[in-house]
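Read from first to last, the chains carry the letters A, B, C and D; within each, the first residue is number 1.
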């Protein structure tokens, strides 16, 4: 078991190294001349040359990669061409904001998705099931930026009950930096007014982000549960007179949840992806908005930095989902085998 | 039917029809099944793949698939009409009346719960006195496992199904089904996927447990040999009908229905002598089954009437009944 | 019965699978642990055993799916202990196989004609003048109607699929067919048909069969010689008449006792009934001494210390048990 | 399980390749049409395809796709002559949506035509020769690509390249292939142990035969299902890229660009962004519904 965990961890580290190569290729090799790319056509050749030397672009590719990776490991991701600050400092500032929004979104998604899935299973074939199905389709097919626009229209102009821009109202002072997540920081300081305001700012973007994933999770949960209802073990348990409610919530849910978990981890990853647009629309100062502006301005150091951080987060996400699956599925936990 | 209920039978099925709604149309599986089980009796239902054995017994517990319909027929459990039962009565029927052992022990235990969790749940729902108490559950479960000659029952309770071999799992299922007293146990091909030496042990444990608890048993099997060695009476089933029933000794002394006769000839014997050519043709399509006797298209003795009319269940004396016009008599079974 | 030449001769065959994962890493699954048998032309050897006895592994070794760990296999005087990718085309043609579950051995995406043409194409045996007629003749030998030519396996019944699998095996005109439980997933009425067809084909073409099964009663009616396998070793092997009239090994007796029978005549065969107990141990941790000692009612101290050797108790009847002398 | 469902009906009619093919197609259509929503999905997709292909005939103002300016009719709300209204320079939104659908279809088909064969063949090879060094290499590389959501990967690549339609297509190909590799890899690793593969190996069939005639046909169902769904996702991702300005450049209409341009004029001129947004949802919904039907059709369930 221990060896297995180590092996798995090793493979994740391998993926991380591979990812660094991929990012290196995207940012430094594809553009041909990253320095010119970054500075644009209107800058003199000398300035570009100076940047080339500064970014080690005058050295052979493997050396460049080595130097870049060496820096990255020491948390030196170079300076952002846009903010003129070290990229790592920018990330430190913006990452907590994104984490805050994504975490809330993930919680909404998991709870909502599983709940709706259970409800749809309970009323299979009834109108509620049909309604949930239609809503799921709606959720799945609408890109999150459309939700974001709709919410801004709805709450920004028609019924302005929730804020549609920024992290915190201007009248409230930003909290002292502890974790960087405003809600948590306010809570730790006992500032409930601040917490409530920060929380209200999170609601719309996180809902816009999670609707697609929630719909996906609901459909998947329902699909697995309905498929399992005809399994012999459920028939057998029903034949022992176990009440339908308990059967549904315990004996049917647990085995049906296992495949959903892995997919949900992927959905959370794509929430990060969608955050690139949604944060921008809600003018929410998070890592994704930072990443997007880096991309639009060809800020190569910032792009590589953001992507590496996201890659690291996704790998942690994968490890977490592996752990949850192992916790739910004794076959994985005790044998290391599972459904494979 | 009412007088029959008074005779104190455990289960009585009268003229049961079960259909399944599918995209291709109505699949008419059961075509008037009659079944009668007395207290303490061990009955075997023998038939080939797809003849409706499983559907018959699942209907007793009302665990048929959602797309099934019962257009005709009645099922009585100790005089109560099962098909008209309310939720509470169904719970009682399942909790303490009838239990069922499924064919594939790898599929019939929940893979993500321990044996103990599953057994305790079954006991809790049995309506048994003090069944909600943890120690009572533990005690009953351990006793039940010990009765099925399982080594180290306490450890078994903490194991997950995948940690046990097929034979062990089937013994767990037997133990679970008889952890609390039952009027009847249904075993649906409990040994089909097991080796003969394991089959032998499991069948012995099953009959032993059923006898010691004074339960009735319905054993579904495709093997006449298994039926002969475990049951008091045998029903031979073909394409949704009971075609012949008799006490086990009587049936092996004399088979009447052409299907039973042909089936018996196909079985390879340990004493040699080869096997017959088999039965030509295959089981009818349930979407559009033959109008008369469902065996007529494959029957060497069939005449025009067999294709038109469905035969009754004719008593030949001593409870030996045959559904074939060759043995037509007054009075049904 | 007139016996032909020895066509397949297996000596000291072993097949170990290394365990690469988990707690038992480094150990071996001893699927086959030294077996000897031979098959003559026109003969059927019934290889009987419980799951985990190594009977299927034996079949897979003969057909070349595995490379033997030790021992020799000669087929018509030629060494065949290599795996199938090293075997000559002629050899692949000459030994064919029918697998247990016809549902899984026929590709659901290929129709009857494609399935039957494949072996012919590989072995350059296609009748260029009448390729369809050639396939139809194959269907005819297994009594399948010509209408099935373009059907897919899914639309055939279980028995028909198995007949198709037999037709595929026959297409290259082999002299030996390995049959791995070909009827165990079928109903008896269909099994009867297939068994009779196999017997008929054997007579017509002087085929040799290596028939893997768990069903002793079936072997009584089909085999000329029966071998019982237990934990990778042959416990007893004898001509069919001798085998059923004088079973010597306690395991054989236990198996015979466990078989549910349907007539008095059969009851007589298993007069000294042995109640079956226990399960077949893991082939990773084979018991020391006689491998059957954990379940044998007659086991003595010697059985736990010393592995018995194969002894010929009468011509053609070999038993691997310390008891044969008592 | 339900033993009754195993009994199959036997069709006694004589079979010819043509007839059986026809029967097969009828059966497939039957399974597809069983779920009415799949037919609706197919209808939506066909409808949108016709709009896109015949845009010059069907659109009321086919020339509004270019740099046309008509200030007299600028920012008109939906009315009889402009069903979906006009944008700030007076171009008919509906005509532009029809044209933008062309780009969407080109994008979807272009990405899939490249990634499906490429990804599938890699997966097939890696799956069949599992544990060989090159298979390990293929799968490791695939894992790296899978570590990032395709959206982020495509955004990254796109941002480095010059923003235009072809480059965004290229970026999406870059992000999309590993999903097919993973799909066929997992199928091939299990299919290679199927007895029918083993038995054709034993017969001595060539590797090409085994890969493309025995294994691949059994993967096509899943691949096609995924490809149908992915048509929707590729179009959606493409719209996202053009939403941030990394796709088709103005004045040529693209669905994402239209939404983002219109977002500036919310809420008063809501039609400028809402109709293109609905257009995106419609086509994605179409492929989604259709994908479910394709799944039912090819899953092999009777």
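Definition applied: a contact is a pair of C-beta atoms (placed from the backbone, for glycine too) under 8 Å apart; a residue touches a chain by one contact, two chains touch by 3 or more.
These figures come from a predicted structure and were not determined experimentally.
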item	value
Third chains touching both chain C and chain A	B, D
Chain pair, A-B or A-D, that carries the greater number of C-beta contacts	A-D
Chain nearest the overall Cα centroid	D
Between chain C and chain D, centroid-to-centroid distance (C-alpha), Å	49
Cα-centroid distance, chain A relative to chain B, in whole angstrom	53
Distance between chain centroids, defined by C-alpha means - chain A, chain D (Å)	24
Junction residues of chain A - those touching two or more other chains	230, 232, 335
Residue numbers of chain C (touch at least two other chains)	157
Junction residues of chain B - those touching two or more other chains	49, 65, 282
Touching residues on chain B, where the partner in the complex is chain C	48-49, 165, 167-168, 195-201, 222-226, 228-229, 252, 262-279, 282
Chain A residues touching chain D - in the complex, by the definition given at the top	11, 14-16, 18-19, 21-23, 26-27, 30-31, 37, 137-138, 140-143, 145-146, 149, 152-153, 156-158, 230, 232, 266, 269-270, 272-274, 276-277, 280-281, 292, 295-296, 298, 303, 307, 310-311, 314-315
Chain A residues touching chain B - in the complex, by the definition given at the top	124-125, 230-243, 251, 254-255, 258, 328-331, 334-335
Residue ranges of chain B in contact with chain A within the complex	58, 61, 63, 65-66, 90-96, 98-100, 102-104, 107-114, 118, 121-122, 125-126, 160, 162-163, 173, 176
In the complex, chain D residues that touch chain A	1-2, 140-141, 143-145, 147-152, 155-161, 232, 236, 239-240, 243-246, 259, 263, 266-267, 270, 273, 277, 280-281, 284-285, 288-289
